[in-house]
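Next up, some structures in structure tokens.
In the two complexes below, chain A is the common chain; its partner is chain B in one and chain C in the other.
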Partner chain A sequence: MKKLNVLPMIALTIMLGAVAAAMLIPILLTFTNSLMTEQEIGRNYDLIGQMTDVAAGGKDAFVNLKILPDWLSLEQYTQLLIFSPKYLRMFWNSAAMVVPIIAGQTVIAALASYALAKLRFWGRDKLFMLYIMTMLMPFQVTLVPNYLVVDKLGLMNHEAAIILPGIFGAFGVFMLRQFMAHIPNAYTEAAKIDGAGQWTIFSRIIIPMVKPGLAALIVLLFVDYWNMIEQPLIFLQDSAKQPLSLYLAQIDKEARGIGFAASVLYMTPLVLLFLYAESYFIEGIQLSGIKG
Partner chain B sequence: MFLAPSLIGFAMFYLIPFAMGIYESFTDNAIGGTFVGLDNYKELLASGSFRKAASNMFLFTGISVPLLIALSLFLAILLNRPLFLRNWLRTAFILPLVVPVASIVMIWQIFFDWNGTLNAWLHHYGMARVDWLQSDGSMGVLVVMYIWKNIGYNMILFLAGLQTIPQDYYETARIEGAGRVRQLFHVTLVYLTPTMFFVLLISIINSFKVFRETYLLAGDYPYDRIYMMQHFMNNMFFSLDIQKLTAAATLMVGCIVIVVTGLLRVERRFREFME
Partner chain C sequence: MKVESTQPMQDKKKRKIRLIAVLFIALLVICTLLGNTLQALTLPKVATIQSSKGALVHSYQGSATVRSEMERDLLNPMNWIVEKLPVQVGDKVEKGQTLVEYDDRSAVQQLADEQSALQKLELSMKQLEQQYIQAMQTEDEMAKSSASSAIELAKIDIATQKSHIQIGMGELEEHRRIVAPFAGIVTDVNAVVGLASSGEPDIRLANASAGFRIDLQIPADVAALMKEGEDLDVLLSGEKTRILAGKVASIEAGDGPPVDEDSDSMGGNQTAVATEKLTVSLQDKSLQGGERVKVQILKSNPEEEILLSNQVILEDNEGSYVFTLEERQGPLGNAYYAVRTPIKKSDSNGSMTAVSEGLFEEQQIIVVGDHAIMDGTRVRL
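Showing the complex of A and B:
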């Protein structure tokens, strides 16, 4: 056995700890700043977004990011939750779009990936390749045609314009296909010999075996769609229907006072879900990286 | 049939629009246009803002992807060694992947503002301040943000790759007198190559999607240096210049298809070589 040197281990831990801390700083600062009063925020970050011209006699004035609030206060939160109904509305909008997308894509992708992983038919692998290619395209690539389709269906400015394409997204098919490809064919063949039909094999054997895959997919989809910016930016012109992600993008100087609290509330569901299901999250990413 | 629901929706919202888009890029009007061959492409390539967007895109990918891969690989190798608090550290590196960019964008804006914290530091050390978001430095800001966001993802993939390398290989290399550096290049990197292909692919694709970060940081019309392809496409959409937009989209599809098939081909060659 190799003996473990404790000293280099400590040094390495401290070094990586410092890097990790640096990476977490933006998140921590957002949190601590959310506990300041609106007045404190206003006072502190007043100069942001203004050009002070030193050459023309302006002062060299700087704004430092404040780490700790002078007074702990929940003022931002109460302002946000009680006095700005728009925020709650957008929070609800986000949820109302993300939940159907996740539910729909998971079910439909599970069915399709079973066919792509375990059934044999002509052009199967070519079709899977098509799904992968589509998954890799940026949203803007299909912008116009998508717009025309949505328009033709009369869904413009309607949440369904976001939800329907989301449900048929290619990512779920890709990921679950990778999970299912790892299930040995012996399982399905044994069931077939016992006289099980395709549906029985799918629901009794495959689905229970890919449960971790389903969990991973749900987490990854939640992260993806909770953050979406591009689709609602194009398809939802009506601000009463927009999700929370756009609220934060449009936050202006006046609202900065409550912006930090809005940010914290916005990221909370994601962070909690991640900490709760971290192992699924990691497994999902790792498995999607292995070619089946 | 299991595939049917997915296939119908997939065709309706992705495949058919796709084909329509490519077709339209060769016509002169979105509805009932006539075939005009490559005219739209000529016009597109002559357009200044398209060239700007395309060169920014390539510059960004060229800088950020190698940097990201090098850093995340380094991090993964360190995390794969004996270490205290490993799981905590790993969680910390992955967390930015989950946290929405929209949530932390205010902190970034304050940090990089003309009167912001970074300039305060520069000033403290007697250097001139830089208007980060309104200068060529904006590209740097974007690269930092992209790396911050994606490093955890690549690190997870590399860690998985590292764990598949049997310890015996290192033992053998050590017995044959290979030093640490040789071990890194002749064992670690060689056996990590399959992972590397995938990481490279995903990193390139993600760098094409950096629009979201740019939009949140700088809005619809950011400084020239960070005017990305998707800004161009979004703005073409809102100004109803559908022909240029579909032509640009088709070129982008072409680019991605070339990158993907190219990488897959090299990977296959590599696998045959290993066997």
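Showing the complex of A and C:
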């Protein structure tokens, strides 16, 4: 029995290891390249797409994927953090949009999903279905009506054009409702018998129980809105208001080093948040997955 | 059990992540707040001036000596020794008044010699008349005719001698003294008692009634804004300081030194300036000639244009230009850049230049200091 189990285990380990490496290597390369000088990066990547005659002494046209830099250089970071105030400005722009969206959507979603999961009223499930349908439509489909609404409200070129639709997103409601539906009604009924009102039940019973869900929601929302491209591209013409996600697109070939450093700084908050909420996150995904 | 054992590790990990997150955010906050300051320290610092409209003022300040319009140099043609000198510089003299008397003894002596020669001739005339009478008596035709000729010759000699004496007396009378040919003021005396003339005029006499003038070498840019007949006040310096009314008599192309010795063309531009000769006539009874006067001319160009200090204007083979300050809206405040702006100069004086094209009012112009600035250089104020 044991012998039979070893081989599949090894095979599985190798396969998963390969997948993990495929996922990790780009991140590792991004990090190490961000510590190289612009010249070194040029040497590594300038040959991409060039066909050279190797027989005639030309260098081959393969990318030189170098993990360790020849010289450790913080030049890219200095350029980015000190000489390119635009980058930091966009970083704070991103933060200023993502934080209200997450806070708002978490609150709204918690309240709405409590109502949809634990209160009984006419048309509850139909309303939920309707809500879910908005989530099923990708942003591109609702782009034109969204644009018109934002324009009519006079929010064009204003952060509120991103934040308000973000706060009322359907995803949080969907996810937290699945969590709350998973909580047995015995808890709420017991509380009710003890004389608890809806607010007490919600804040004292339900919220502590959906903490993993909230953590998962926060991480997912953060990833989603930190990386958003279309909304700011369409609603924010003023480059001083645009978020960091649009910065990387503006980096040209001459500033690849900056691009690597920008990417590292860009993903740092995501990585930190994920690592912090990792245990909740996995638990939350599992729980919602079971019932969802 | 498993959960309990992993809990402290989880907490430790979370603490670490919290610390990293705090450090990360602190780094970004510090860079955001101090980034501009750090960046600014590496940029060249410049000063600016604001362009403004105005009339370019051309100024000239100088001094000159008052001269009479009509001045006569009185010479000693015989080069006699000066005996008496009754006048001195500044004396007012009447027409016909004696100015210098010369020692005429040699001329008097010469005249006496001439008169002696005349007497000799007259005596010899008497002898010739005697000879003629004797010839008449002898009826010698030859003797008669030669005596007659001799008498005629002697008569001519006498007449010539008399004429010489006449002229000599006239010259003596004329040259033994210099008299004033007109009423005026003695402006210069070169004669010295006991000495002959040094070659210069013994007396210089100015005609007070003909008026006075001053000559100035003024910069051509100032001269271009003046016209003949224009009033010009001059300041009489010295004990009796007061303002005299003058009138521009003529403006001519000058050939003198760039600017008058005492002049100060504002701004102290040391390069040679083209000059023109300005003559100002002065009508004032109290003037005598020789006084020093100060003149200040301030002329503004009638056209109002952008005025710039000469120090901000740069030149190269493409012409004149200035660096203007451009403010570009940056994500974290405004960034300033030097922009090369070609200009067209229309007028200039020692310190300022009027610009007709290329600039508008209230533009910030960079005063180029020690830093090398090029078009598009980012600068800090």
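By our rule, the second predicted complex is superposed on the first by the 250 of 292 C-alpha atoms of A that agree within 3 Å, B and C clash if a C-alpha of one lies under 4 Å from a C-alpha of the other, contacts with A are read in each partner's own complex, and residues count from 1 in each chain.
FYI, a contact is a pair of C-beta atoms (placed from the backbone, for glycine too) under 8 Å apart; a residue touches a chain by one contact, two chains touch by 3 or more.
Everything numeric here is computed off the predicted structure, so don't read it as measured data.
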item	value
Fit or clash - chain C, chain B, common chain A	fit
Angle, in degrees and to the nearest 10, that opens at chain A between the C-alpha centres of chain B and chain C	120
Between chain B and chain C, more extensive residue contact with chain A	B
First (chain B), second (chain C), both or neither touched by A:S263	first
Contacts of A:I193 with chain B and chain C, given as first, second, both or neither	neither
Partner chain in contact with A:L7 - chain B first, chain C second, else both or neither	neither
Partner chain in contact with A:L68 - chain B first, chain C second, else both or neither	neither
Touched partner set for A:A20, first chain B, second chain C, both or neither	first
Gap in Å between nearest CA atoms once chain C and chain B share a frame through chain A	13
Doubly contacted chain A residues - partners chain C and chain B	275
Contact set on chain A toward chain B in their complex	4, 9-10, 12-13, 15-17, 19-21, 23-24, 26-27, 29-30, 33, 45, 47-52, 60-65, 108-109, 111-112, 114-116, 119, 130-134, 136-149, 164-165, 167-168, 170, 173, 198, 202, 223, 226-227, 229-230, 233-234, 245, 248-249, 251, 256, 259-260, 263-264, 266-267, 270-271, 274-275, 278, 281-282, 285-286, 289-291
Chain B to chain A touching residues, read off their complex	1-3, 5-7, 9-10, 12-18, 20-21, 24, 30, 75, 78-79, 81-85, 89, 91-111, 113-117, 119-120, 123, 131, 148, 151, 153, 156-157, 160, 194-195, 198-199, 202, 205, 208-209, 211-212, 215-216, 229-230, 233-234, 237, 242, 245-246, 249, 252-253, 256-257, 260
Chain A to chain C touching residues, read off their complex	81-83, 85-86, 88-92, 239-240, 265, 268-269, 272, 275-276, 279
Chain A partner contacts - residues on chain C that touch it in the complex	10, 13-14, 17-18, 20-21, 24, 27-28, 31-32, 35-36, 38-39, 329-333
